[in-house]
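What follows is a group of structures, each given as structure tokens.
Note that chain A is present in both complexes that follow, paired respectively with chain B and with chain C.
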Partner chain A sequence: MPEGRGDGALLKVDNLHTHFFLPNGVLKAVDGMSLEVERGEVVAVVGESGSGKSVTALSILRLIPRHQGRIVDGRLLFKGHDLMKKSNREMQEIRGKQIAMIFQNPYAALNPVIRLGDQLIETARKHRAVTKSEGLELSLELLTHLDLEDPERIVRLRPFQVSGGINQRIMLALALIGEPQLLIADEATTMLDSLTQVEILELIDRVQRETGMAVLLISHDLGVVAQVSDRVVVMYMGQRVEQAPTGEILTSPKHPYTIGLRESAPDLETKGKRLPQIQGSPPDPQNLPQGCRFAPRCPHAMERCIQSSPPDFRLDDNTLVKCWLFETGSPT
Partner chain B sequence: MLFGISVVGFLLMKLVPGDPSSFLLGPFAGPEAREALLRSLGWDQPWPVQYVKWLGLFVQGDFGTSVRYQTPVSEIFGQAVVNSAILVALSFAIAFVLGFFGGILAAVKRFSPVDRVTTTVAVVLASAPVYWLGLVLVWIFSVRLGIFPVSGIGTVGAESDVVDLLHHAALPSVTAALIPMAVIFRLTRSELAHALDQPYIQAARARGLTEASVVFRHGVRNIVAPIANVSGLQLGFIFTATLFVEVVFAWPGVGFLVFQAIAARDIPVIQTVVLFTGLLFVAISLVSDVIQGLVDPRTMASAGAGT
Partner chain C sequence: MSEDSFLLQVMDVSKEFRGHKGGQFVAVKNASLQIQQGQTFGLVGQSGGGKTTLGLMIMGLVRPTSGEIRYRGQSITGVSEKALRPLRREIQMVSQNPLEALNPVKTVGQSIALPLINFGFSRLHRRSRVAEVLDLVGLKSADADRYPHEFSGGQAQRICIARALAIEPRFVFLDEPVSSLDVSIQAQVLNLLMDLQEEFGLTYLFVAHDISVVSFISDRMAVMQRGTILESGATRDVISNPQSDYTKDLLASVVNVPRKTSARESG
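Coming up: the complex of A and B.
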């Protein structure tokens, strides 16, 4: 399969299928998802709740709980190595050291009964050959660098004793302490108030430019990620429907779903007007339509869209659209 | 509280029909002999006087003399307490170690055959009565297999040593331990399974921490409080269960002592046991209250709220 980009990519997710086995059937949370992240690149994955963004992220780290679901098909290439073939022990060396992740709810993602400092030291000792006191030193330096005030006091506290913004900085420090080449931020700013949201986002952006690590930014909010990302991948019902440079997504989105997302996001010009919304609601993920998954809600749906699912059409080097309207582009 | 126990314990004995005279003197003794015996024991006086006298001596450490054995109650009772303590300690150790570590194993291997089998066994054990379990164990291990002795604390006539003691203690202590073990097992399994589903466990794995560190440092640490709480309750259960078990296995502990004493209407012994049992339970609830206070309640409150 010819690919314009991604062969030398830092991360390449290829045709990933992650399914959950529920008592009443199979839930295809991720069903044919592909994306690439180049070294030093910031890629945003955007889609509504339930589109499979978080499951994609967890699949990359092979963290889908065994008793719930598993990766049934696809390839995960990190620096050319197949993550699917790694043993659990090998994955432990990759997690946190090469690929780190921060989570949506910083209160829930930190252990409530362990002091913040001890969680940092523990992670530092896992990935850097340091003693306890060196680990603490390293953590304090990193926290200071992340604009945390009075880190010596903070590290002696537990997660419920500090604010969400501070907890998310701790999460970020936990992720950065192993000096990863890829940071996955799964809705990392969603739970925070809008001012703190901007702070954390700017912090990620600054660290990214300082260290040159790549970032996979997962969000349901196009407006949030647009500020810092190079490229946007739009997800709908477990699949990529469009991929384009951020500017292009904002100014000339192609896929009808992306257009709907774009129009439903408020900006300065729409002030006072009722925001347009995407008609209908997403299909039942356990009973997906056989053709294009967006067809039941799409204003441009044709007979063909209901019959068969479109492939990815490549419009140029950087732009892919999974929609029959763009059949003129070459299918990949 | 203790005063109440002492009064009720004392009065209960007065209400029970029969007195030791019939046991000691036999059915053919005349009324004069009976009168003489009661007078020698001080039981011809009105009961409030008896109570004050008894309590006064009790506080000074004089528990009276066993009517049946004609030896000081303190001697008999002391040896029985030591024997019971051995049984309680063994039972609790078995219940806690197997229940706690078995529960961890089942939670980690959730939904695997290991988990299903152990959980089913635990449900059955937790629902069974102690005396029935005792009889089943005797039937399997003593009658059918002949591995363990049925009763007693040591081989008669043999030099008493630790191995012989443990050999005799095996069945009674396991009997008393099975139900608490099942209770601790089930709680450990469900609490840890719940804890392992929390986002902070996934986050700990995402940082590359080893499974051992994830399970023990991040998982088990969050369930210490409920496990400690329930283990304390189970210790109380073992105290009670041991009383029955001692009777079934003729283990010369407090339960066996009081069982025989009741049969013989050996009132000084019964009163001593009742008062000390009351003391023990007051002490246990006091200690557990103190421990509850030490385990910072705010820590646990927010452990739940953070989810």
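Coming up: the complex of A and C.
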């Protein structure tokens, strides 16, 4: 990555390696991952299960359970400060207040025995100097703003008494109450049905525009994130394989893996014929191929791809592809 | 179109669940649909919309409160379990989460053999049939001795499909069979389902919340919301000329972008 772009970025993940140490060997969940999020930008990280998207997110917040794994290499810069050098106490100040995160399963992320309102008030008081009643008022205001109907009634309920869509709105409110500069949404709409999914995404989109916060949107579904993101980073087996503006990823994906992802998702026009599919399944993460990690499944694989892992080739200011087919571009 | 061409007819079926405090919930309300032999009928709608309950009534696992379901012209509602038994062999199911649907302490071979034991296949016949169906779904016969946790989600779903096909059913209820799978694996499983249908003339009821998947695989489809079938018809007609607002919303939730894909030229 040339100097310049990214240095002024809100978040810069540079050559991150997060490994897990298991009884039967090392699992390199994130292995040389880089990405940047500019102020006010919505960046999507797309990849299948096991690609390392969530571990990347947890690494940014330094939430990798210590007895299981750790960040072995790389840099995490937030507003130019090295997050790796922060103490636990300093990280606690950053989590929730500067970088907030929402998760896939709101039922698991919320406390099942505490009323939704009390969870909001607790979080409000943690991040802002407010009293209980001010915290409640703030929460109600925020929930109304998030299109939640009848918030006065909802705050008296517990997570299991409301739908997934409402819980996800509560999660979003919890994340927003500290007025973060970066919101990380990890598969935040995956559990919801398609219409609620659209509602939540539109909500994130609207809040993003109003507040100018940056969003890192993590999803396995390119179609979902395409609706709101400026840029897409595609991950495969712990690495970034392609990065491009959203429109470009959708209309002319470059990496064979991205192309496979795009084509294998049925749309309303594909009918009756077989879907183009990506052959095989992802490799064993504890036994990765030595060359390009996608080579065993790639229709364009050459001798070279099996031998050595390609660097990132820069096609233009905004587009990077980790694939030997694009060697004409300049390696970064 | 004669009555006989329908393998399955659901006629004005409702299901009401009653709570312990006398509350009631109508999961399915006056649903009617007909499925032709060898075709795929898609059912799309939100979670909690009654799709699975309707499927389970067809499976004979949930009894309708009212209405009738006919399989090959024969009523399967309100008949004895004994009368249903021969039909159970013809009607099989694949559910959403394959790793939950397989017994974790049984080998894959044992799981696939279970329906065969149930219907009296000999030990020798069972072994060869297990190998046969594993091959059908693209797995190896040696996989029979492995356990579910050794497989990925996509492979586990193939195993569930193999188990459903072991006793040569005619009709398979596919309840969100690809929604827990990654996109690249989803395409493999959808292709497999279509190949198997072609090879064995299977009839499918395909339930999903994703309208693009349902429209892709179905010959005819219905849209369900809060227990009611809002509209149904040939897939092409429903997609190109949706009647209800709900269907229009579902269609609008799908991102449709032109595909222009080439590995190299565009770079």
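The rule is short, and it goes like this: the second predicted complex is superposed on the first by the 328 of 332 C-alpha atoms of A that agree within 3 Å, B and C clash if a C-alpha of one lies under 4 Å from a C-alpha of the other, contacts with A are read in each partner's own complex, and residues count from 1 in each chain.
Throughout what follows, a contact is a pair of C-beta atoms (placed from the backbone, for glycine too) under 8 Å apart; a residue touches a chain by one contact, two chains touch by 3 or more.
As the structure is a prediction and not an experimental result, all values here were calculated from the model.
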Inset, instruction - Answer with first, second, both or neither: which of chain B and chain C does A:Leu157 touch in the superposed model? - result: neither
Inset, instruction - Using the touch definition from the top, say if A:Val72 reaches chain B (first), chain C (second), both or neither. - result: neither
Inset, instruction - Considering only the touch criterion stated at the top, classify A:Leu203 as touching first (chain B), second (chain C), both, or neither. - result: neither
Inset, instruction - With the two complexes superposed on chain A, say which partner A:Glu122 touches: chain B (first), chain C (second), both, or neither. - result: first
Inset, instruction - Could you say whether A:Ala109 touches chain B, chain C, both of them, or neither, answering first, second, both or neither? - result: first
Legend entry - Touching partner for A:Leu174 - first (chain B), second (chain C), both, neither: first
Inset, instruction - Report for A:Val130: first if it touches chain B alone, second if chain C alone, otherwise both or neither. - result: neither
Legend entry - Dominant contact partner of chain A by residue count, chain C or chain B: C
Inset, instruction - Answer with first, second, both or neither: which of chain B and chain C does A:Arg95 touch in the superposed model? - result: first
Inset, instruction - Show which residues of chain B lie in contact with chain A when the two form their complex. - result: 110-111, 197-200, 202-211, 213, 217-218, 221-222, 299, 302-303, 305-307
Inset, instruction - Note which residues of chain A are touching chain B in the complex, please. - result: 58, 61, 63, 65, 67, 88, 92-97, 100-101, 103, 105, 107-114, 122-123, 126-127, 158-160, 171, 174-175, 178
Inset, instruction - Enumerate the contact residues on chain C facing chain A in the complex. - result: 46-47, 152-155, 182-188, 190-191, 194, 209-213, 215-217, 235-236, 239, 249-264, 266-267
Legend entry - Sites on chain A touched by chain C in the complex: 48-49, 164, 193-198, 220-223, 226-227, 250-254, 256, 259-271, 274-278, 281-282, 300, 315, 321, 325-326, 328-329
